[in-house]
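The same subunit A turns up in both complexes below, where it pairs with subunit B and then with subunit C.
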Partner chain A sequence: MQHSYLDKYSNLNSPIHRADPRLKILIALFFVLSILLTSSGNLLEFAFYGVIIASLVIVSRVPPLFILKRSLMIIPFIVLISLFLLFDRTGLSAEYSGGFLFRGIVIKSYLAILVLTLLSSTTPFPSILQGLQRLKISKVFILLLSFMYRYIYILVDEAMRLTRGKRSREFGAGKWRQIKSTAPLIGILFIRTYERGEMVYSAMCSRGFDGTIRTLNTIRLRMAETMVGLALITIIVLVKLITNSHAL
Partner chain B sequence: MHIPDGFLDPKTILLCYGISAGWISVALKRTKGRLGEKMVPMMGVMGAFIFAAQMFNFPIAGGTSGHLLGSFLAALLLGVWEGSTVMAAVVIIQCLVFQDGGLLSLGANLLNIAILGTISGLWIVKLSPLRNQRKRIFLSACGTGAWLSVVIPAAACAGELSLSGVAPWKTTLIAMTGIHALIGAVEAIITILIIVIIDKIRPDLLRISATTP
Partner chain C sequence: MHYEHCIEVRNLSFSYPDGTEALRNISLEIGKGEKVGIVGPNGSGKSTLLLHFNGILRGKGEVRILGKGISKANLKEVRREVGLVFQEPDDQLFSPTVFDDVAFAPLNQDLSAEEVKIRVKQALQEVGLPGYENRSSHHLSYGEKKRVSIATVLSYDPKILALDEPTSNTDPKNRRRLINLLKGITKTIIIATHDLDLVLDVCPRCMIINQGEIRANGKTEELLSNPHLLEANDLELPLSLSRLQKVKNQQKIS
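Entry: the complex of A and B
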């Protein structure tokens, strides 16, 4: 069914897609952190970060339009925060105007979401999990996440089937009736899911499941990748140093 | 509501990550202790269930539509620790796959949705267990719990924003709780309707989770 929108471009083939997920997660974290620590007025530094992200997008071969579209996710939050900043500023530092603070926050959160979108559209979720596991995140939790990710597709399908059935039964019903007939579907989905969980568990038991899940370990850190990663971090640090000395 | 990156400052980020990491590791241990090897398959499908439940659209005034958030429902049906575990998994996948909430604000989003969302409403239901009360009292307790599970995280979100110095404390709190009081009312109605149907078809599922401490 139609849920190809989940992580559509994460299976392309590019140097960024092939890179070790651990490396990508760490670099993304470092990048977002350095974006966050930029002072709101330093437009030159923001511009450099924008250029770095744009060139990474080009290397990754993910369509730029897709990344732009996904990055619009933050708009509701920005609208909300702008209302606060533009109308009431008690308790905020007096040296900056609300508009100035607002501009800084919008640029920061926009750049950060671009980085995050790039990470998720160049790394399939299972490899992100593998990377997280190698970064010493609790193994049980990683297993749970991977199990859950697998079942999202199945249950979303089920939810769509239920919705389609409901729509065909009550074409043109009023709002309250629609609410009253949609909510029970969630209850039914819960019961079906619960029963499915029991069945999955007994199916796993009958195939010899003993609480541990063994997976093939396919990720390895290549020397060249590490060098490129280090180079990227160096570039980010250099940008920070240069633009800040310029501002002084 | 998921906070994107760029809104929180480093001290708030560290604080929230610290609280969330501590709570969730305890929650994982408690869940594992109760469910054993059954934990991964059961909690896994339940996480996927919360995801799918959020896909159902409910028409609300003026062409807008809303959906279930599910923190309270997860806590009620599965228990506090199990609910926290499941909601934490949901929030992490929303962040890493859908860019819903930032990488550095993940700690704050976990704190609001997976922790405060699950514990803020359940105590009311614990005070009025299904076993010895009339059904109507139990259902209204559930409604109040669902409402609280939306409003309290919103207040916490306002607190985190003003702690970071990006928004004034008073207005943010009033605006956030004001908007979410309405969202919470929708959540309460949907949750009650869901509980009614579960009680009709498989009352055993409700009874086990709603009455165990």
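Entry: the complex of A and C
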């Protein structure tokens, strides 16, 4: 089965693609934080952030349409979670109406997702993992993410094969029976996953795994990149300062 | 021909936790540099036997690798000498990139970064997939995955290779490639399979195993050309030989 890449376009060649993943992770984190710490009414600040993201997308050579499509996927979740704000009559906030807060949350989440989509489309997933590791994130957590990246589509395939097998034989059965036979399917998927885990662990042991995860360091921070990174952070800080002094 | 013993198994029995007797009183010897096929029908115990060669499973009886009995203390050394390749490449390849997978064992041996890179390059070269380092395993074709799986053990240069169904599910071209690859390797090789033509092609000696017991052990050509022995063990003549047989029969008739 062929699946779309989790990190499609991450192997293009642009200054952003070439940059040290640690730097990219840190900048993305900083960017997301400054977006989240924006007052919901400060549309000018949001607009500036939008412009920064747009220029980064252009520099990265990732098709803008792809970034748009990918980032839109998150919208239903945000709307679902924050929908209740629209009907808020209890006075969650003394100053702002529910609709105002709702708009703020949607814009913030969307901008943040744009930043993360850009990060994942300019950095291959293994490099992100390596970056996280060099940033001293727990190795167990990184291993977990790495297995997820490796096995998620295999699980999807397995689930699809099981469903196919069920569909081709369930004709004639009533709706209720069809629904009922889904439960064992989930159980079987769990058992298969568990068994695969056992096999993978055996395969790891066979090749000398002793509980410590060793990786080869292939990333190096370059001076020029660091300067560009600092400049970007400065721009974000300036945007925050200027747009907020204006409000005051 | 006299061989120095590489693998020695004495009275090995193994039952799975659910009570299934997978191996019954198995004894065998495999010499240095030998290529041996272990053939048998599905569920005959082939894979279970392979898992004993590097101590993943440990049953009753004795397994000696390069003269040393497997114990908890020397598991690491044993696994260093026995490269085990699982049947399912998605079990064998668990890292995000091909490089990470092929480098996994060398890294576990604490080799230098330079050395690891050289090993990975050589191993991928050997299986005919140079430059695949940065590919991610789940975007490879099945045949490619099978070959990368072999590279993951070649990279740490074990003395013994134990392969479980190396040609299963591969198309004819990939199968031929794998066979040529296995023929070219000069290590001790044990292949568990029911691809009898593969055994005929690669392994001068083979063992027939069925219901956890060794039923026959000898020259591949003799064992695999014996239709009665094969049928008694739920196998059949290898395709190449059965054709030959047909031609012979036809000649007799005419």
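The rule we apply is simple: the second predicted complex is superposed on the first by the 231 of 248 C-alpha atoms of A that agree within 3 Å, B and C clash if a C-alpha of one lies under 4 Å from a C-alpha of the other, contacts with A are read in each partner's own complex, and residues count from 1 in each chain.
The rule is short, and it goes like this: a contact is a pair of C-beta atoms (placed from the backbone, for glycine too) under 8 Å apart; a residue touches a chain by one contact, two chains touch by 3 or more.
Just so we're clear, the structure is a prediction, and the values are computed from it rather than from any experiment.
Of the two partners, subunit B and subunit C, it is B that touches more residues of subunit A. In the superposition on chain A, A:L116 makes contact with subunit B only, not with subunit C. When the two structures are aligned on the shared chain, A:L65 is found in touch with neither subunit B nor subunit C. Using the contact criterion defined above for the overlaid structures, shared-chain residue A:P126 touches subunit C, although it does not reach subunit B.
Look at A:F147: by the touch rule set out above, it reaches both subunit B and subunit C. After overlaying the two complexes on the shared chain, residue contacts for A:M223 are found with neither subunit B nor subunit C.
In the superposition on chain A, A:R207 makes contact with subunit C only, while subunit B stays out of contact range. Contacts of A:P184 after superposition: subunit B is touched, whereas subunit C is not reached.
Applying the stated contact rule after C-alpha superposition, one finds that A:L155 touches subunit B and leaves subunit C untouched. Residues 125, 146-147, 149-151, 154, 196, 200, 204, 209-210 of subunit A touch subunit B in one complex and subunit C in the other.
By the touch rule above, subunit C contacts subunit A in their complex via residues 51, 54, 56, 76, 79-80, 82-84, 86, 88, 90-97, 100, 103-105, 107-110, 113, 116-117, 134, 136-139, 152-153, 156.
Touching subunit B in their complex are the following residues of subunit A: 6-7, 28-29, 32-33, 35-37, 70-71, 73-74, 77, 80-81, 83-85, 87-93, 101, 105-113, 115-117, 119-120, 125, 128, 138, 140-141, 143-152, 154-156, 158-160, 163, 175, 178-180, 182-191, 193-194, 196-198, 200-201, 204, 209-211, 213.
On the side of subunit B, the complex with subunit A involves touching residues 1-7, 9-10, 24-25, 28, 32, 36-49, 51-53, 55-60, 68, 73, 77, 85, 88-90, 92-93, 95-100, 102-104, 161-162, 165-172, 175, 189-190, 193-198, 201-202, 205. Against subunit C, the residues of subunit A that register as touching in their complex are 3, 5, 11, 124-126, 129, 146-147, 149-151, 153-154, 196, 199-200, 202-210, 214-217.
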